[in-house]
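Before anything else, here is the set of structures, which you'll find just below.
You will see two complexes here that share chain A, one where it goes with chain B and one where it goes with chain C.
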Partner chain A sequence: MRYLKHLVFALVVFGAWEAGGRFGNPDVLPPFSAVVAAFVDILFGPLPAALLESLRLLVIGFSTALALGVFLGLIVGRYRWLDRTLSPYFSGLYALPTVALVPLVLIWFGFDLSGRVVVVFLASFFPILINVYQGARDTPPDLLEVARSFGVRHEWGLVRRVVIPAAVPFILAGVRLGIGRGVVGMAIAEVYLRLSGLGTLIATYGSSFQTAYLIAAILPLPFLGIVLTKLLALLERRFQVWST
Partner chain B sequence: MSTSPLSTPANGGTSGPSPRGAWVRVRGYARDMTPPALALLVFLAAWETLGRLTDPILFAPPSRVWSGFLELLETGRMQRAFGITMNALSVSFLLSVVVGLPLGLVLGRWKLLSDVVEPYLDAIYATPRVVLVPLIILWFGVGYEGRVFLIWLGTFIPIVINTAIGVRNARRDLVEVATSFGADERQLARHVILPGSVPYIMAGLRIAMGRALVGVIVAEIFLDLTGLGGIIQTESAYFRTHRMLAAVLVIALLGTVLIGAFGWLEKRFAAWKESAASS
Partner chain C sequence: MSDSKNVKLSIRGIRKVFHIRRAGVRSELLALGGIDLDVADHEFVSVIGPSGSGKTTLLKIVAGLSTPTDGTIAIDGRPVTGPGDDRAVVFQTFGLFPWKTVLDNVRFPLDIRDTAAAEADRLARANIAKVGLEGFEDAHPHQLSGGMQQRVGLARALTADPEILLMDEPFGAIDAQTRELMQEELLKLWSETKKSVMFITHDLDEAVLLADKVVVLTGQPGTVQAVVDVPLPRRRWEYDVRAEPEFARVRHEIWEMLREGIVRHEADEMQAARAAV
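Then we have the complex of A and B:
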């Protein structure tokens, strides 16, 4: 019963789409059934290999961004002068759309996998970094004091026992933002730098006006973004319960 | 009913700072700003040296970037591009607000509708706009309308979602008071729900501004080679890295100013909410 309303609304949306496609120009908006047929066709054709290639790029770029973002974020968050020195650049680079840097990445790193990885890295690095350093900076001072008075003397001990656990919700929020932007970066890299993965499919179908196939090749991207973001939101909720 | 409790200005009646206090503040500010200023100098010097020692195409040094900026200014290209970018940016942002606010208000008040519509909004929001470029070319062509649509598509959704959240979080006691004084749905929206959701709407506008900025550059690079994005793309194709970087810096500055301004507004309205909630 809970899904009935979704079913009804989906019937309305996709019914209208189908009708619009049948009565209009199918090159502009192919009917929904044609998109489904095209999706099934590429599902048993080039889609799995393309998706795998895209995912490999996403995983390499995102995990580099995660590792460096958490590491640098903790360091910058622990030292006020570093925070004050570097945070203007971070906010500037965060405010700058990653696309604007892509031509530069092309000149520096070329068309290879390394260039594409750098684009994904740039897209997801800054939200992670900024969230981690805000989390590390705002560690409750009373917790730090308690830890010190109980004999945790070394910086690393404080970071491991107090700063990181207190920053976990911030880190996870950064990861959630970072993975969403990473998917965007992946799409930009695969369309702009060198056609690869899903980018190849989209560009090929787009330039040959196979609109049904074009929409079918776009569909995995929102799906990927939503699934990854929802998974991380679940993880976040678990840790929020744990931290209170 | 002429003044709602939420619109009362929170004035703490702070006294002006003493001259001595101001001097201490200036000194503290100077001390705080010294490491960043030094770091900026070191960074620029290192970049300049590296750029002069190596290929200027790879690391165009700051002096070359500055001259590239002046070249673009002299020919008037920078001003024209800035105008084109700002035009598309502001028109699509306004369109996003015009569509996003009412839709968010409706979705926030009507749970059934928001339950069924929001998954689709999420899906559109999660789609990278670059991959929609071939579709947008089919639908609108590569001109101004296509660019505005591409920017708008990613920008109106955060406004809708945040407005709906703000409306849902309207204080139930205020809504009850208003309805028991005979307010209808329109008066309720105008005097109670919208003022209460302003902090959420402000957060939505800030996020939307960031998305609009990304959208305008994507549109100018992939759809229609104009504006600041067009300068980046054309100049990098001819390996004139210094001019490309000048345009990148202008975009970074523009983004920092715009997002900073909306962040400031958001903070102001958040404080207004707290003072209203505590009183």
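Then we have the complex of A and C:
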């Protein structure tokens, strides 16, 4: 039944799309079949190389954001005065749309790989940082006491044995938000900063009104989002043993 | 009984002042007003008192988790200031790590001390069996009932193999029937291991049932009102302690002392509530 519903829905949507494309202006809305054909065409053409270039950007930007976000989040979460001093800025920067920072990043970092990495980093960093520091701040105080009573002495010991494991659900939530925003940051960086990867395809087909190819070049983005989210869901299930 | 006269834990002149800031107003609260108390080798001491008598604060100071404002804690005559392998705590809210299995929770004290993995495993499994949880080694705490979780807490403290067991209202969060069973098992375990025990409780029957002597604290600030000996024979799981006339006598004696404190505490609470209305 579940699959039947999906099938009927897809048939209706893509059928309407196909019909609209055939009877309307194909430069505005190409028929669905033309998009599929265009996708197959670029799949055996420029798409793999472009996707790989985009992924490289995403991986570099996101992993930097993850490392720095977890590290700083733990520090800020462990010290109340740091938390009080910095959290308003974090909230402000978290709310700031990454795209608004593009011109500034361009001036400061140029449009080389470093500039594009910075855009992805900025997009992913704040949701990770905020979740990690909230997790670290809300470590159950009684568990810290238990660890101390059984001989855990140094701050790093408490962080390693209690704070980090207790914050795992928060860290994963931050990663999920961060990776989603990282994909957005990647698309922004590759279209607005300097054409590269999928951005090159999207901008080229867009400016030459090859609408079917334009849509085909956009398609990998939601797919990427779905694949990454599914991978994370698998990871989260491993920890759900105790977090629920 | 000669060895029971050796003082294992000595608490001298412990005062604790909390600095409170409420609505920008600083004030001081004297939680403990000079506690003197000895726990002998292999002795089971219950500490009872009305809420606000600082029982838990006292236990945390002995555990080294809280610093006293004045006074000293000594074990075998050596002053101690922080947590140590000679003491282990059983916590009221169990304090189990939810991400660890029963086995890993019980192994925790040995993992901290870098005990060889195989040895830690063996000792932890033995203690899990001792508290009757064989077969639950790979379960996570949330899969267990409150009583079972506290058995894990007890097994963990035993695995630390301390000289003094510090128990902070360990059965307070457990339902009444399970509690009686746990009290019985604690008595058996204690008779096997013969550790010194400092047992905090607000349950009068429990205090008398378990202990060699009951320390009665008064309310705010906590001070020692009396130390009452419990001259009931040991192996108390083998007879109905509550049916003994001696049990009733000791219980009554302590109740008369507590009553005063509880009545006064209630009156204070009511007055405070009235002022707030």
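Here is the rule we go by: the second predicted complex is superposed on the first by the 239 of 244 C-alpha atoms of A that agree within 3 Å, B and C clash if a C-alpha of one lies under 4 Å from a C-alpha of the other, contacts with A are read in each partner's own complex, and residues count from 1 in each chain.
Going forward, contacts are C-beta pairs under 8 Å (C-beta built on N, C-alpha and C of every residue); 3 or more make two chains touch, one makes a residue touch a chain.
Nothing here was measured: the structure is a model prediction, and the numbers come from that model.
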{"item": "Partner chain in contact with A:Ile42 - chain B first, chain C second, else both or neither", "value": "neither"}
{"item": "Greater residue coverage of chain A in the superposed arrangement, chain B or chain C", "value": "B"}
{"item": "Touched partner set for A:Asp142, first chain B, second chain C, both or neither", "value": "second"}
{"item": "Partner chain in contact with A:Gly151 - chain B first, chain C second, else both or neither", "value": "second"}
{"item": "Partner chain(s) touched by A:Ala166 [first = chain B, second = chain C, both, neither]", "value": "second"}
{"item": "First (chain B), second (chain C), both or neither touched by A:Val76", "value": "neither"}
{"item": "Partner chain(s) touched by A:Ile128 [first = chain B, second = chain C, both, neither]", "value": "neither"}
{"item": "Contacts of A:Ser207 with chain B and chain C, given as first, second, both or neither", "value": "first"}
{"item": "Chain B and chain C footprints on chain A, overlapping residues", "value": "none"}
{"item": "Chain A residues within the chain B interface of the complex", "value": "5-6, 8-9, 13, 27-28, 81, 84-86, 88, 91-93, 95-104, 106-108, 180, 183-184, 186-188, 191-192, 198-199, 202-203, 205-207, 209, 211, 214-215, 218, 221-226, 229"}
{"item": "Touching residues (chain side chain B, partner chain A) in the complex", "value": "32-33, 35-36, 39, 57-58, 112, 115-117, 119-120, 122-124, 126-135, 137-139, 210, 213-214, 217-218, 221-222, 229, 232-233, 236-237, 239, 241, 244-245, 247-248, 251-253, 255-256, 258-260"}
{"item": "In the complex, chain C residues that touch chain A", "value": "60, 63-65, 83-85, 87-89, 91, 93, 95, 97-99, 108-109, 112-113, 140-142, 156, 160"}
{"item": "Contact set on chain A toward chain C in their complex", "value": "142-143, 145-152, 157, 161-162, 165-166, 168, 239, 241-244"}
